[in-house]
Structure formats: structure tokens, C-alpha cells
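Sending over a structure as C-alpha cells; questions will come in a sec.
Note that the chains take the letters A, B, C, D and E in the order they are written out, and that residue 1 is the start of every chain.
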Amino acid sequence: MMGGAWRRLKSDRYGMTGLFIVIVFSMVAVCVWSGLLGQGWSDVSGNRWESVSTTHWFGTNLLGQDILQRTLFGTATAFEVGLLVTFCSTLLGTVMGALAGWYSHGWLDEVILWLKGVLDSIPFYLFAAAVAFALQGIPWAMHLAMIITFWTTTARIIRGEVMRIKQREFIEAARAIGLPSIKIIFRHVLPNTFHVLLVQASIVFVAAINTEVILSFLGLGIQDGVSWGLMLAESSQEVLAGHFGNFVAAGTSLFVLLMGFNLLADALQDALDSRRATA
Amino acid sequence: MLKKTKIIILLVLLMLGGCEQPPPTDSGLPAKIYRHAMDGAPGSLDPAQATSLYAKFIVVNLYDTLYRYKYLARPYQVQPNLAVAMPEVSEDGLQLTIRIKRGVYFIDDPVFEGGIGREIKAKDFVYSIKRHFDPATRAQGAWLWQNRIEGLDLWKTEGSDYDKEVIGLRALDDYTVQITLSRPFPQFVHTLTQGYAAIVSREAVRKYGQMLSNHPVGSGPFRLVSRDSVRAVLAKNHGFRQEPFDLTDEGFDPAKHEKLGIQQLQGKSPPFIDQLEFEFITEDAARWNAFSAGELHFIKVPVSQFDNVLSQRSPLTLSPQYDGMYHFEASPEAGFIYTNFNMADPRIGYHPDQEQNHRNHALRCAMVKAFDWEKRNEIFFYDIGQVFPGIIPPSVPEYDADSDTSYVQRDLKGARELLLANGYDETTLPTLEYGFPNSVTERQIFEQFRNFMTDAGYPASKIRPLIFATYGDYQRAYSQGKVALINSSWTMDYPDVENNMQLYFGPNAAPGSNSASYNNPDYDRLYKTSAVLNESPRRTQIYREMNQLLMNDCVSITGISRTLLFLWDKETIMKPDRSFLGGYFMRFVDLVDSASSTAP
Amino acid sequence: MSCHALKVNDLSVWFETDSGRRQVVDHISFSINAGESTGLVGESGCGKTMTALAILGLLPTSGVGVSAASIEINGKDISSLNAAQRRAVLGRDIAMIFQQPGTALDPVFTIGHQISAVYRRHFGGSKKHLWQIMLDSLEAVGFSRAEKIASAYPHQLSGGMRQLAMIAMATVCNPVVIIADESTTALDNSTKSLILKQLERLQLQHKTAILLISHDLAMVRQSCRNVLVMYCGRLLERTDCQSLYSHAQHPYSAGLLSCIPQVSANRPPRISAIPGQVPSATDLPSGCHFAPRCIRVKPQCQQSVPHFDSEDDRAVACFRPLS
Amino acid sequence: MSVPYITSRLLYGIPLMLGVTFISFLLMVHFGPDKTYELIGKNPTEEQINEVRQSLGYDQPFLLRYGNYVKELLTLDLGLSDSSGEPVSSILIKTLPISLALVLPGFVLGNLLGMALGLLAAWYRGKWLDKLVMSASVVGMSVSFLVIIISLQILLCTPYGLNLFPVRGWQVHGLGSYFYYVTVPTLALVLVTLGYNTRFYRAIMADEIERDHIRTLRAYGAGPAELLFKHVLKNSLIPVLTRIMFSVPFVVVSGSLLLESYFGIPGIGLVTFNAITSGDQPILKAVVGLTGVLFVLALTINDMLYSVVDPRVSKS
Amino acid sequence: MSTPTPPTKPPLLEVRNLSLSFHQQEQVAIDRVSFSITAGSTLGLVGASGAGKSSIARAIMRLIKPDSGEILFKGKNIFMMNSQQMMATRQRMQLVFQEPFTSLSPRRTIEQSLLEPLQHFAIGDTNSRQEKTRQIIQTVGLDHDVLRRYPHQLSSGQQQRIAIARALITSPDLLIADEAVASLDVSIQAQIIQLIQSLQEELGITLLFISHDLAVIRQIANDVAVMYQGQLLEQSPADTFFSKPNHPYSKTLLSFTNNKAPTSLPVENWRLDRGRTTAETTSNCVFARSCQVKMPICDQLEPASHQIQYRNQHPLGPHYVKCHLYEEVNTNDT
């Protein structure tokens, strides 16, 4: 089944472009993590607001830091936020959604639905702000805020999927031989939600990066380090003075990466579409 | 679908109908509306709570104080406002008698009988000061008079009963106030220029309580029309007392002020404008945009625009494209920026172990040496800030222009050597938290600070940012000693350097304004001695000694006074001020007639 | 030459895929006379539904190719019509009844609304008139309380009732041809035969030609006069029902017949089945497509395609017919 | 749909409201910002600090404070802002219409345009028009809100660009000035939501177009207009309504936050943002409570609309 | 009078007075149903959809819990079993479903699906399990190479063969086929019927064959039980049933199959497939509304289930009818 999906993905030009972009950016991120790139993000290596040159490809910022280095480091930040939030919220959402779907209309389902309803009713930025306050000083405050709010969508989707799959006869077949619920969920139900999860995860990834930018602008973002959101926040004070380095570098990187992910998510959705896969 | 759209459009129109009406005009003439940009929003407009620069700015336009500063005279000189003259001081300097003007009325407001504002009496002043000592007020100005006025602190502990008389704060008759100090307080008259000392009416407080903030009932040149999170609109108080403008009284200097057109105001009674609008624009870019689009008359130029606005630094010259359009003024800030070490933190401050104490001192001094004031000035203040050693800034007469500036000169080599000599290396250096409330600039300042330190060999990972979402939370954190490096700025409350000196007075330790929790008996002794002295060479000497003590102990990386750059368009006649005069200048603002009607 | 109610001439349908053309309907021709019903039989995946959709022009426009010399309804060629002209024909001259009664009706409109909308589209008329026409058509399919059914939503009806409503919709304009595509497959046996009865009755009344598509020969036998047997996009046999059941000529037809379980008082003989399965359209065997499953296969069958005479009343495409 | 039904739906909202208020109270008030140090003067004594804490109510036990909060919400007595001393209710009354006026045009326009484009793309599914619309929507989805706002401001509001609209502010006293102030924020909102909206509507419409009953309609000669505007639209109303109803509370509060803070518009978003950064708990509490109520209301109205729109949902 | 009694084999499965209603939909699914299946024989359970046939199958597999009644497997009540006994019992009965595609886990290979029951019941070691899957694949007439494939790569006929293989891999005593051929093309249906028949002959398995199609039942079953709205209306040996059905409903069913459907029936009364809600009264005969030979008593009193006594002791097995028509007539000539 996955083989077919990969074949379909490969024949999708847009999807492959997206994949290529994502891979390039993630390689940059890996290089930053392993200390090969972007280590000078904090160093003052020039004068303030230097324009584009061979030493500073994107120029420098107010402090004289190299914008390229910061952009590269920002890539790693974006991936760190994206991966962490995507992984945790997907995991949480899957578990919650699977439980709610499997025991649908039971008390556990009601509790999970209630929790989801509660979290959904608090405006996101307010919620993020609140979490940021409550966890002041903890570097993961923003991540946590995102995880806590993002899992609900995944859970809703997984719950629906599980409820749908639960109706299928192969689940009854598994129950007929007395397989315990937990095994059925993990062996028979969740693998069938994989394609939905993959698409949902890429959407969460995009949302996480996008949200980081806005939260950083609002001053609720990452603590130490630099991110595209922080660069954009910086740039919002600079562009009117005619300094576009931060804006162009961060804005473009953000745009290209999000574009890559969106293209990939689209292509994945098409490639993994169950209707097409069963045809 | 169509129906729905129609309904929505209708709703929007309805809502618009409920919006505010066009501004009122003054008896047929086109209204003179002056629009003033502020880089922050005021909190409460209750004088007892007007703690922020922005709130004070507005408060002094809504209320009256007994004294104010002269409009144009520099250095600042106190001038009677609601008082008839300067206070009559007794021999020992402890008793002050102040007479206040007759025939000054509060604005009309339903709180008064018949809705007509009543005359201001001496008891109103007494009441207004007492309010600060009433816990119910949640006042913030009490520190100005704490332990200074005879009986006032006792009055508070006895339950803040307004009917109870305070010995040191009495209305002798309707127009005479008598104040008795518990010890000499040379700066006392300055405290009466503060917004905190503005006169409120008891009736208004009784009626509005906490909501006084939105129903100011004062006797100032303006009254409040509306106020929200982005702007406040004030209209001329037509009942404001007629006091013709006198150039010499206000300290007019033709050389400085003639080009601003201030002489035209001679003989007219302020306020000159019909409407005063404060726009609260926190983002530099938006503020600058609004100003350059002609939506504002005045702006404090954001540093990011200095390059654009100025063509050269010395002498400061406006760029040609702005030269014809705007007046400009560069004004040194009455205050300074500094970074304190938390002396209560054994990692970097006092340590019971003598040896370690000594090493901590060396570490602090090394960090002082590593700090690059020149760069800080260049990046954040366009190189026009004034760097000075210690806490006596160039804007005060006690400043010693010939003092040794090595304290604010970068000495990377010295810093490294000092660290090395005291056994500090990458592993033994302590991890320090650098706290700041969240903002782009604060973050940049932090990154620069960290860069300065890494240049001297301090590992970047050992200077950790501690970011707080609100300024209050940051304040709480350092007040509770949870931050090792405290980046602060100090704006002087009155033009007397005593106000700076108390920043390191031992008893003022955190949560007081001595955020470094500096505790040096020598310093404290000197402070006590100087505090009761009037300005004199001896006092200056003591201040300089104290300044030296601070530098010897490497308590703080200090300091720089910013130079503020003001731009205002040529149709506006004024001399803006952001320090002690503050909002008082608003009443003297005038607009050239021809331009007054062409508001955007 | 008599005028056929429906005459399909040389119809082909293919999918354009990455791996080339997939022929699903392969040059078929047939005709139905007015008032007659013809069964189109074959296993799933033989192209029956494609044929029906191609006749109506309902196939998607991208990725699917359709060609036909002509498709005539009462002698009028509809294959060359443009979209608007075709719409005028659909529902009025030719109507289709679909397989899933549960999903073929719009869930958010009442039955009555949907039926009268069909009539209004083609003939217009006052609201009252439309309402009456619609009620008549509901009564004609056997509803005794048509008003109630008319104001009901599809989900309020049982599967059989929905399918009857669908039939009412198909007959409201009194079309020349009705195509019923596996219309009763999803229903219970009992409901199935009741519905077929109603359809039969209506047909007799209105002289409608019916093309009944099914994989079930037993059902076709119940209600059709002629039978077309289709396999892998080709017609293999055409005959009248009686002779097919008494002596089917094509081995495939015979195989299909033998698959039908019989109800009899005595224990019936063991059922026999056609071995193997329908090949996918991507790798059709050469020659006669049925050859690999045929018990009577000859070498010739795998090389050349047996001729099928589309003009004859009885025709069979086989080199070795059974009789 | 009946009174007991509506009541039961609203009753269902009670645990939700309790949850919302509890969690937000816990996070925003209990662990939330502390205004004490902003409200004390210089050199405070321990006693003064306690006085302020007391006057802010920080010294009361948690449950009591929560109980008071719920009571405040129920009685709509929301107290006074800690910063400006203005009654919170009057702040809300002042700011809410502004936020609505600011956001609604963009919201409506974004949805209508999205619907039109989505319908177009779904109808021409797989054709170049579909591909064009979809590619454009991917581009739209990939641009950050912040980037759009900054770019639009430069392009439309500054001398660097066309300089046609105000940089900031909201001095509306007529239709003309309304358009003057609302255009750029609306444009930003439309641009940032259009991509998502188009895709959403296309997905829904494409699903609907593939339904069997649409094929039935086509088989009975229904034209594209009838198919799309009668049947596809009506059938897709449920997801569409859900999306719209559920986004209303957030559009009003969250969606306008960035716009209002950037364009300096005194709406509820900016007030909330300021409350966050200055730690103004009474406002925060009120806004969260308000959105919770709005959300529950939206949930209820949504359920009721379902039964109006889709006969299958109605309680028979 | 003294016909030799047939050797009484103990029933493999016995259902006693089973009742079940779905509370959420307020629907009566099973209403006091009793029957038994002798080891090695095939019971065809027939009825319109919604009559409660599948619920019986699921209750036997203990997938749903009935409200009352007993199910005895090899004489033991399955609802009284502990988990160990149940595990052993589950191994001895298996289920084949209607939809071949949805009855196989789409993300698992055929081999994984087949191995699962063996692993779960811990039958044999790895090698013998693999051997067994190969064997069973052959038994259902497929090649080994399907083992590595996924369900969607197979045709519906092959999928159904796999489903049967999975049911048979634990060598069960009882196989329940729930509409196992209903969704298949006639040609595939014939293949599967053939397969089931030959398997039964080979393995001697007991079969509960559920279908709405009398023709299919005729092919496979020894005995027939007719269900209507949750109740068992008639149960008899197949040959008797098809030659002379007794209950009016059975007669109606057969008449439909023989293409003798009455067309005079108003459409609204066709709702043969409709279930019964718990609220509906049970004091009458459930079929009374659609019965063409309805008597006044049918609306007032629920008939009891009568065993029809044949004058010449019928050798094929007992014959029960639940109809007032047969209450007075205790005997019936054949």
C-alpha cells in the first residue's frame, strides 16, 4: 500500500518539489544541530545594517550580526518547534482520539470531548499567553501551549477515523478471536489511520511554524536563540527605515518552507487517499 | 446568502452609527487640534496612581499642581502654578507655608452641587496628599512623602481617617497650607510639581472611586473627552484661569527659542489649542509612519530612524529632506541606563567567604571592563547618547566633566586578565540570568550584552536570558532577587541628583529601588548626610565620593544618558520636553492658524 | 426498418491512464424496441455501467474517452449533441435508475420536490400542476398515500421505497428509454421482485423501452424479453430470454446460468461455477477475452476475435457455440 | 427544534463553560501575571506590598477567587480594569463593535471569495483552472500573516509605496472614514484566509459534486447552476456553517489581535493584548469568559442550524 | 408407528430463549429465539435484513451481550465461561462476514491476517504456523503468492476465500457464515458456495449459514430457520420446508423467490425489512400486519411455537411453527 503511495507521490511534480524543499531545509536544520552551520548567529561580525555583500549574503542586522547565520539558525528553530510540537501533539491527539473513538459514547469519550471542547473554546493566542505566563522562565512554554491546543484537531480526526474503522468487519473478526482492545487498537485500528495522521502531521507542522512567528512577534515565543518570527518582529521596526535584510531573509525562508510543506501535504493527501488506494 | 450579506452590511452600518461624532469646534473658528504621539499607553489617570511617564503627561494637563517648572528655562526652575508664590520656609527649614490662588475652580461635573465646579481650597490639597497614605486608594506616590511629613505616616497606621487632622499637613484657612517636615527635605518643593501631588476633589473620589481614572475632575487646562487603548482626547478647559503668557517669566532665550516662534505667544492666555489628542503607538515603525504621513504633529524619533532623519552627528543636523518641514530638538534625557549586579546573589554579589567575596568583586569588575559603552551607544543610541561613569549624568550640575572615564571604557585585555588572575575560566564562571521584559529591543540589548561578555571569554551558554511577559513580572523577579543581572533604566523624578543617589541606599534594597541590594555603610552614611543638604559644593563633593564608592565596588555597569530627538512640524509652536517639565508644556502649544484646519 | 427506441451504434469507452489506454467498452452496438425490455448481463467489471453512463453522457470529461457512431433515441442521434441540448434530452427521453437508492436522491430535498423538479425542468408548469403530476407518478409506482411520501425526505423511507420513488422520478416525464443499472441489487429478495413487478407494469402501460443492467441472470429472466451478454467490454451473445435459458449458445452465458442457485422442493443439484475471474482491463487476454476461463477453448480462440453480428436478432461471438 | 431542545443544548454548555472558566482562571489568574509590583510606588515596604496584594484580591484562597469569578460572569459584574480603572463591561461594550466592524468585512469577503473560488475549482476539478486556483491557494497559505501585514503596510500606507491609507488608528465617523481605516486590515485578512478558505470550500464542494445524487441530477438534465447553487451548496451547508459559526468567536478575539495591535485599532484584541502584557486580570478574565460564552452559544446555534439545514439531523 | 428413531447426536450449539434489544435505537433485535444445531449439519437462518439474524451470530461469538437467554456450546453456557474457557471456545467457532473487503485488515498482509489467530491462540510454533497458512491457502483454492499481498490487491472472490481461510485456520467445530455470499456477483457466489460445500464435506464442520436468499439456503442447508422481526417463526428440515412451508411468512418468502410476488400489496406495507422497536406491543403476532391469512386472534394473542407432529414420524428432524393456524391442528399429514 505504501509502495503505491510512494509511486503516486513520485509522479507528482509539485509534491516532489515540496519534498525537495523540505529535505533541503531539514538538512540545514540537521547541520545547525550538529554544529556545522549557523553557529555564528549570535556573533557580531560586522557593522550595523550592512548591506548585502560576499561576507554577509543577506547583510547584517542592527547589532551587526550576520542575517544569513541567523536565518540558518532560524531554520533549526523552526524545525525544532515544528518537530516537537508535531510529534507530541500528534501522539497525544492519536492516543486521545483512539480512546475516544474506541469507547465512543462512553464516559471516557465524554471526558475527552469535554476537554477538547474546553481547550477549543479558549482563543488560541490568549491560551498561549496564559501558558507562557504560567510557565514563565521555562523554555518550552510556547511549545507546550501549541501542543495542548493542537492535539484536539488530531484527536477529532482520529476519533472519527477510529469510529469508522471500528464498524469494519475485520475489527469484529479480531474481537471474535478474543483479541484484547488495546491490541486491536494498535494492530488493526491505528495502522489504518496512518495516512490521515501523516497528512495531519504535516498540517500541524505548518501551523506550528506559522504560530511560532506570530507568538514570537507578540513576545510569547522562544526564549533563547533566534527564530524567523523574531527576525520578522525585528524587521517590523526596520523596514520603514529602509532595512529589509531581516524581512526578506526570514519572510522568504518562511514562505518557501511553508510552501514546501503545503505542497508535500497536498501530494501526500492525494497519494494516500484511501479511495484511490483501494481502486 | 445574499440576504445574509445584506444583514451584515446593515449591522456594520449600525455599529458605525454608534461611533463618535466629529470633534467640536470653538465658536465658529476651526478647531485647533494638536496630535501628540506617545510611545506607550498610560495606565490609570487617577493622579494618585499616575505612575507611568505617559500617565503623568496627561494628568498634569487635567489637574493642577501647586508648582510646575518654567516652560523654557534650563536648568529647570520651579515656578508657582496654583500656589501664589514659592513656599515660605521657616528658619530650620522644617515648616513651609504655601498660599494658593483664589478663584480657581474644578471643571463642571455632576459630582458637585448643581453640576457646577466649585472653588479649590487648601483642604483639597491636604486631602489629595493624604489619599496617597490611604490603602484604599492603591496610590503609588506615597514614597515621595514617606517619613517626611510630621504625622502623616501615623495617620495611615491609625486607619486613614480623613477627618482626623495631621500635624504636618494642615489647611490653615481656605487658601493657606502649612506643611511641617520631620527633617529637612530640600527637594520637597519638587515633589509638589509631580502629577502625584495634583489636586483632586473629595466629591469626585467619593463618587467615582476606582473609576476616577476615567472621570478626571480637575482644574487643569484641559478636560478629558475620551480615552481608549490607542488614544486619549482632551479638550480645552474653557474655565481655565486667565494667566497671560510672559516670556521672561518662562525663561525665554531669543537665541534658542525665537526660531521656534514662541515669542508669538506673548500675552495670550493658555491653553492655546482646542483639542489635544494623544496617540499611544508602541511600535516605532507605526509611529514613524503615522508621523511621516502627516497624522501627527510631534514625534520622539525612534532610534531606527536616526540614520534617516539626521545627516550628521556633530553638530546634529537634520537631513535636507526634513529640514524645511520640521523643527527638531535633541534633548538629553534626565536619567540613565545601567545594568545592576544583584549583590544579594552569592554567585556574583556579596559572599560570606572573604576570598570568594573578593573573587566576585573581580568578576563584576571584569564584566564592567568587558562592557562596550561605545558600541552600545553606536547601535542603540546612534552615538549621540552621553556615556558617563557612575550615576551622576551630564544633565545635572553635579556632573564632573573632568572625571576619570576609565570605568566606562572597554578594556577587554584587562577583563580577561582579571578573570584569569582570579581563577575564572569557562568552567568556573557562574551561569548568570539576565532578565528582561519581552520586547524586540530588550532582546537585542541582551544579545549585545552577551556578545560583549563572550568577547572577554564568558561562554555564551552561561549568560541565560530570563524573559518576562510583563514588566511587572520582571520587576517582581528582580525585586525578589531572582535575577543576577538587572538591566534597568532610571528616569529622574525631579531635577536633583539625590533622586539617583537613593538608588543604592542600603535601606532601599530590593524590593525597593536599590535593585542591586547594594549595602555599603560608608555609602549609606554619606547619603544620610547629603540628604538634608541644599545644593552646595559640599553636597556635590559628597555625591562624587558616593559615585566613586559605587564604581570601586563594581556594583553596576553604568551608564549612558540617551539623547532624545524630537521632531515637530512647522505649523506647531512649541518647545517639547519629556523630562521634568513633561506634560506641562502642552498648555503652551499653539498651532499656526492657517494650518489648523487642515487636519487629515 | 422499424424505429428503435434506443439504438447504440459502435460505442467505445476507454480510460486514459499512465500505462496507456484501458478499453472498458469495446465497439458495441445494440438496439431496443419500444415497449421491450432488454437485459444487459455480465459479471462485475465487464463494462455494463460504463455503457449506460456513456449512453447518457455522464462519464467524467477528463481521463475518459468515449466514441460512438451514433446513439439514437427514437431515431434521433444524441451522441453529437452539445451539453445544453443533451440536458434537454436527459430525463425527458431517457432516464436512468441507479444502483444505490440510499445515495442517489438528494438528502436535503423532499421526494416530491425532486420528482417535480425533473418535470419542471423539461416541461415547466404551475406549482399546482407540477404537484399533481408528481403525485400521479408516485401513485403509479404503487404508493397509496403519495402525499405523505412526497413530503418525506429520502432518509425517512426504506430502501425499497426510495427505489420506487426513483422509478417515479424516472417515469414522471414518460421517457422513451429507461436504463436501470443494478437497480435492485442492494435490496432484499422480496423487495427486489416487488420492484421489478412495478417496473414491468409501468413499462406495459407506457410502452417504455427498458435496458436492465444486472449481473443476475435470474433477475433478468424474470422481467426481460431479450438479453445481451457482455464480457470484458464486448457483447458475446444476444438472444431472447426464452432461448437463452433453454439453450444458451455461448459457453459464458451457459456458465452464468449454471451459477444461479435454484429453489426447488427437492434438493437441487450441486451448483457449478465458472472458474477464474474477470481479467482486469489493463491486461486483457488476446483473442476471445473469455478464452482463458472457457471449458470449450480452442487454439483459435486465443488468436482471433470471434465475429459478433450486431444486426441479427440472435447472435453469438464464439467459434464453438454450444448448439 | 423546541424550547426544551434549546434548553438542553444550553445545559450541555454548562460543564463546558465551567471547564473553560476553570482552566482559564487557573492559567491566567492563579498562575497568571502579578500586577503588585507595577502598582506599588518606589521603595515599598512589605506592608505596602501586602496592601496592594490585598486590594487586588491576590491574598484570597484559590477556590474563593474562582467562585467570585464565576459569580462575576453570571451577574455580568466584571469589575474594573486594573490598569485604567475603567469598568471592564464598558471597555467591552466600547471595543467589541470596533472589532466586529474591523473583522467582519474581511471575514465575510474571505469566506464569500473562498466559496466562489472553491466552487469554481471543484467544478473544473482537474482542469487548468482548478490547478491555478489551487496553486494560488497554496501560495496564499504559505505566506505568514505577519509578512502580509508588514508588506501591505509598506505598499499601501507609507511613502515607500502608494501611501493611500492610514498607517494606524480608527477614527471612524462615517462610511468614508470607515473604508479609509478598514481597507488595509480587510485586505490583509482576506489575503491570509483566502488560501485556507478556498481549499476548504473546494474540498467540500468537490466531495459534494461527486455524490451519487448529483449524478442523478445530471442524469435528469439539471444544469450546472441548479447543481451548484441549489444542491451542492445546500448539501455542503453543514460543514460550512460549522466552520463559520466556530470561527466567529475567535475571529472576533484572536483574529483581530494581530491586526489591532499592528494597526493600532482600539478593539477587543488590542485590549486583550495589552491586558496580557500588563497583566490586567479583570480584562483577561472577562474576555476569556466572554469567548467561552460565545463559543457555547455558537455550539448551540450551530446545532440548531443543523436541524434547520439538514432534515436528517432534525429530531423526528 | 414405530419408525426407528434417528441416532440422536448431541447438539453442538444450542440457543435457548435468547433475547436482545439495542437500547440506543430502542430496537428489538432478538426476541426469545431458541434453536439448536447438530454437529456436522448446516442450519440455514433466513429472513429479511433487520430480522435479527446477524445479531444472533454476534451473540454466539460473544461480540454482543444478550439481555437474557443462554447459548450452549458443546453443552456449556458460553456466558458462564471464564476467560480461559472462553479462549478455548473462541478457537472452536469462527465467523465469516458479508463484505470480503472490510473483513480483512487493510494494512496487514494476507499472511499476517492468517497468522494472527494462530499466534493469539498459541497454536504451534513459527514453522508449523507458516506451514499451516500455506496449507489453508491451498484448501481455499489460492496460490501461495497471495500470502504476501494486501487485501486491496485481491479480487472480492479471493478476499472472501481468504476470510474463509482465516476462519478455518484454527480448525473450528462451528463456522458461522453471516451473509457470506450476499455481496458477491452470482458467478463468484457460486464459487464460494462450492467452496463451502466441499469444505464442509472434507472437514465435517458444523455450519450456521445466514442469508436472506432462500435459493442459496436451499443449496447449502439441512435445516432451515425463518426469522422475522427478531422472532423465529418456523424451523424445519430443509426438504420439508421447501416442499411444504407452513408459516404464512415462509410461504410469502418462497412465493417471492418463485416470482409469484403479489403486486396488489400497497407499497407502504412492503416494509418487510423494518425492525421492531421496544415500544411496539408484542401481544400480537409479529407478522399479523403483513399476513394475508390473518385471523382476529392474530392481533390479540401472540402464538406459541408449536412442534408439528407428523403422523408418520418424520425422519428428518423436528418442525416448529409459531402461528395460530397450527395451534388447533396438532397433527399434520405429509
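Convention: a residue touches a chain if its C-beta (ideal position, glycine included) is under 8 Å from a C-beta of that chain, and two chains touch if they have at least 3 such contacts.
Values in this document were obtained by computation on a predicted structure and should not be read as measured data.
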List every chain that touches both subunit A and subunit E.
none
Farthest from subunit D in C-alpha centre terms, which chain would that be?
E
Looking only at C-beta pairs in contact, point me to the busier pair out of C-E and A-B.
C-E
Based on mean C-alpha positions, I'd like to know which chain lies farthest from subunit C.
B
How many Å are there between the centre of subunit D and the centre of subunit E, using C-alpha atoms for each centre?
56
Hey, how far is the Cα centre of subunit B from the one of subunit E, in Å?
90
Distance between the centres, which are taken as Cα means, of subunit C and subunit A, whole angstrom
51
Which residues of subunit D are in contact with two or more other chains?
33, 158, 262, 276-277
By the touch definition above, subunit B meets two or more other chains at residues 283, 289, 438, 469, 473
Contacting chain pairs - touch in the sense defined above:
A-B, A-D, A-E, B-D, C-D, C-E
In their complex, what parts of subunit A are in touch with subunit E?
1, 105, 168-170, 172-179, 187-188, 191-192, 194, 277-278
Note: in the complex, subunit D contacts subunit B through residues 33-44, 48-49, 51-52, 54-55, 80, 83-87, 94-95, 97, 100-101, 104-105, 108, 112, 153, 157-159, 163, 166-175, 178, 233, 262-266, 270-271, 274, 276-279
Please name which positions on subunit A make contact with subunit B in the complex.
42-44, 48-49, 62-65, 129, 132-133, 136-137, 219-220, 223-224, 230, 233-234, 236-243
Within their complex, subunit D touches subunit A through residues 15-16, 19-20, 23-24, 26-28, 31-33, 134-135, 138-139, 141-147, 150, 154, 158, 160, 246, 249-250, 253-254, 257-258, 261-262, 272-273, 276-277, 284, 287-288, 291-292, 295-296, 299
Subunit E residues touching subunit C in their complex are 48-49, 155-158, 185-191, 193-194, 197, 212-216, 218-219, 238-239, 242-244, 252-254, 256-259, 261, 263, 265-268, 270-274
